[in-house]
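What follows are several structures.
What follows is a pair of complexes built around subunit A, which joins subunit B in one and subunit C in the other.
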Partner chain A sequence: MTSLAEHDHADAAAHALAAGDAMLPRPYRVVRTRQDTRDTVTLQLEPVDGVPLKFSAGQFTMLHAFGVGEVPISISGDPTKEGLLEHTIRNVGSVSGALVAAAPGTILAVRGPFGTGWDVSDGMGGDVVFITGGIGLAPLRPAILELLANREKYNRVALLYGARTPDDILFGDELRKWADLLGIVVEVTVDSGPHSWRGRVGLVTQLIPRIAFDPANTVALVCGPEVMMRACATALRGRGVPAASIRLSMERNMKCGVGLCGHCQLRELFICVDGPVLTYERLAPLMSRWEL
Partner chain B sequence: MQTIEEYLPEHPFFAGLDQPTLELLAGCATNVHFDANEVLFHEGDQADTFYIVRKGLIAIQVQSPSAGGVVVDTAEAGGVVGWSWLVPPYRWMFDARASEPTSAVAFDGACLRGKCESDPAVGYALMQRVARVMLDRLEAARLRLIDMYGSSS
Partner chain C sequence: MTDDTRVLGLAGLQALIDALGLRGYTVIGPTVRDGAIVNAPISSLDDLPRGIGDEQDAAHYRLRDRGDEALFGFAAGAQSAKPVLFPSDELLWRSRRTADVTVIDREVEPPPGPPYALIGVRSCDLRAILMHDQILLERTAADVHYAARRAESFVVAVACTDPAGTCFCVSMDTGPSPRGGYDLALTELYADGEHRFVVAVGTDRGAEVLAEVAATTATADDVAVAERVITEASGRMGRALQTDGLKYLLYANVESPHWDDVASRCLACTNCTLVCPTCFCTSVEDVTDLTGVNAERHRVWDSCFSEEFSYIHGGSVRESTRSRYRQWITHKLAAWEDQFGSFGCVGCGRCITWCPAGIDITVEAAALRGTPRKTSQRS
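Then we have the complex of A and B:
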């Protein structure tokens, strides 16, 4: 196993320095909150110092709830517009619980943005497939909005989205708008639904054989729990999409966010700086020991 | 509209079967249509039909003591519904209902079983395809059990 000492710290330290005062949190005020689902809330934040945060789709911040702690959360807002910082957070524990409970006016601390982006523009001139499950739609949303700002530069675009139940579907109004007005094939599936549910039931992976795209000329962006991403990557490879064209967003526990502490290590990778977005080409060899 | 013989080779379930076999199986088939909300069959009913979906969406539903009717799967164009016609006691284990206007090809279960028994090669080819569908559903059920979307909190 690669030890922390063996990791190339020069890159990581350079990254940390380039990030300037990346370890210094900036205060942000909660301006608006939106309850998206039973356990998920979107926060809109404004910087107290008035300087907006520039970010690339796919990047995350370290979001700090005072007195509780700090966690990595992807940015879910529109990277093509300067405005409020948006985060969509699912309540799974103490820090995320405090964040979803933050009322307008609450001051939170933000570090970042950190990490690699989706680089959806690499798909220009070809097809783009977004595949996501659960809260994974939130980190993909900025890439979708970036693509939509230049929709005509892409060919076929599809979004495959799986949720546990119809009540867990995020951004329902936007999904309809993207499908109806903006020329995206949006296919939604759930694990199970009530008697009244008229939509599809099944796994998101089962949608992959159903959509039309040119595998050799497709960029696939996949975001969700690892078991889902693995199943999707396998299905995409099965349709002939090159491993280098499949991008996954990895999650690991994080502390510093800038490649210094080693908390987010996955073999020779530090997910906070080498990721979170990585190609399947890079991740596949690590897959057998992925859970380590 | 295509005849059943013309359509069968296009359906993924029948991919790879030769023309004489398809003609043999088409002899057990009729075209059917269901309106939105129309029930195909109820749990416990005699299972005497096998459906392949041409267009639309069919919901597979089970009765849950706590939640009432729960849709646990759907079948759409290219999908199939039902294998209870294959093994005794030939009773449906779930309800099936059209979620939207749906066209399908319905095969008579007893007729299919007869063809399988009189021509084991046809029977084997059919069993392989049914086993594929069962395997896919089993894998999907397992993935759902481990909570694919990490959202059970």
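Then we have the complex of A and C:
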């Protein structure tokens, strides 16, 4: 804390006012929508004021449906191209339901981008493993696209992806392209599939022993439900990947996205500002505690 | 106290209130309402709780007749300055949506409400305001409404001369005498039948206002009496909290069986966070009119004791009361230090006084010191 004698609240307040209102959103127009799966929709949005939003892979925005509410949603678009703001949203409740129902032309409000990024470029010169479950592929997609823009700078790259059923697999065409043309080992597994499903059934963690990477020289980016991320981190540690090279994207209730509302706290961390992407080294002691 | 320490009589204090009013401030000070000390607009010394003291203990608050004429002879009131500078409900923005336009308006300029002059801010509460400055103004993003209100505020602090049974500012090193962050600070003296206020000047603005009222230079005697009164008050704290190693104590006790014990008493009513001068957690609410054209977004106080606070689809992260009490006390006495470099508790005692179950932060922290560390099987 600043010592009391030095403290100048008027100066701090003036500075804060000049910096602008982080709680005030900008209007965005839905330009295109794409039904990805039964319950998941990708929205492409353009700013009404025309100024595009720059972001790092892994960051999220606070996306607001007028009169309904505002929720944190990761950006799922390509960080290397200036273009429309892209969000891939799974309908699980009132706000996400209103967002997936937004037709082209609908005005939504956006704040952000907020939070830390994946920093996938730290994996240059080494191997990169992406591990994800369910909607978790959407927040990872920008990091995958960023890597692909410089594919030759990375060694082995693998994407392990677990979906509930074959019908829930997101970005299917893209997954095939990444595997066939861009030299990514893509392994998909489902919790359960019909008889016609010829792929794998089981947990995504079970894929970890199947792929080749140099543990000491690997960056692993993991996004999914917390239990799944813990299990993956444990398996990666088991194969010798340092905890500092394992990055997870944490989910917590968020009402502001900028460190003010207190909702996202995990002991000393504000997940919205210190995260959502954090190393397993930082998270391990906090994730193993009940209801922290 | 410095050489420019001054002295005001009763008439001088009234003149100070008048001078602040003339400068356009809404002057807020302690008053008696429904059997408690509450902050409200004041214009005269008669609005202050003359001759009123208080009695505070766990789940107990009562005003008493002091049998003297003291104007500030009580300890922490029902609320700190928090509701004035950081109201429980703040309009963030309005939107108007028709078929072809959507307008989002913010309502920051001019600052919401007139500038406030806060009279009688206690040292613990002043420290809490400085923490809010740090949390709400000096980080990644600022609360612009707080910034606007705070930039204009004028603070007349007052030293506590009669602490209550639930006070422990001495343990938290935040009182009983303010050490900075004020424009002016008063120490009420009531010796030799002469009612007067020793005034320390904290800012140029404070000095300017004081120059407009008939203040005399404090004598060495006045200063000595003021210091003695404060030293005596320091010795009369109703509670104490042993602070060394507190952060490690709480972090190490994350799985303590003691949380079950507290949970058996805690009603998760959120009173403690509402009265706490440092708690800053908020939520947002959307209000739409019947036509759906006009909507408003409000920022409202929230509490880590509510179940929805940590809700993510599938359930709350902190489902149980024991995990929520643990969050509260761990944030106050440990995580806050990692986040902001100080304890998140200023020792005002309000959470103890206003807890319907009488749960006492000082007692629970002490109990943790007594509990052997135990690693539970739960995860």
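Here is the rule we go by: the second predicted complex is superposed on the first by the 269 of 292 C-alpha atoms of A that agree within 3 Å, B and C clash if a C-alpha of one lies under 4 Å from a C-alpha of the other, contacts with A are read in each partner's own complex, and residues count from 1 in each chain.
Here is the rule we go by: a residue touches a chain if its C-beta (ideal position, glycine included) is under 8 Å from a C-beta of that chain, and two chains touch if they have at least 3 such contacts.
If you're wondering where the values come from, they're calculated on a predicted model, not measured in any experiment.
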item: Subunit B versus subunit C as contact partner of A:V31, first or second or both or neither; value: neither
item: Touched partner set for A:G134, first subunit B, second subunit C, both or neither; value: first
item: Touched partner set for A:D191, first subunit B, second subunit C, both or neither; value: first
item: Per-residue contact with subunit A, leading partner among subunit C and subunit B; value: C
item: Touched partner set for A:V92, first subunit B, second subunit C, both or neither; value: both
item: Touching partner for A:G224 - first (subunit B), second (subunit C), both, neither; value: first
item: Residues of subunit A at both interfaces, subunit B in one complex, subunit C in the other; value: 92
item: Parts of subunit A lying in touch with subunit C, wherever the complex brings them together; value: 1-5, 7, 9-10, 12-17, 19-27, 48, 66-70, 92-93, 107, 109, 251-253, 255-256, 258-263, 265, 267-268, 270, 273, 288-292
item: Residues on subunit A engaged by subunit B in the complex (per definition of touch); value: 39, 90-92, 133-136, 162-164, 168, 191-195, 197-206, 210, 224-225, 227-228, 231
item: Of subunit C, residues touching subunit A in the complex; value: 92-93, 95, 97, 102, 104, 106, 108, 130-131, 133-144, 147-148, 150-151, 153, 179-181, 251, 254-255, 280-284, 286, 288, 292, 295, 297, 299, 302, 304, 309-313, 317-320, 323, 327, 330-331, 334-335, 338-342, 378-379
item: Contact set on subunit B toward subunit A in their complex; value: 36, 57, 59-61, 67-74, 76, 78, 99-100, 136, 140, 143-144, 146-153
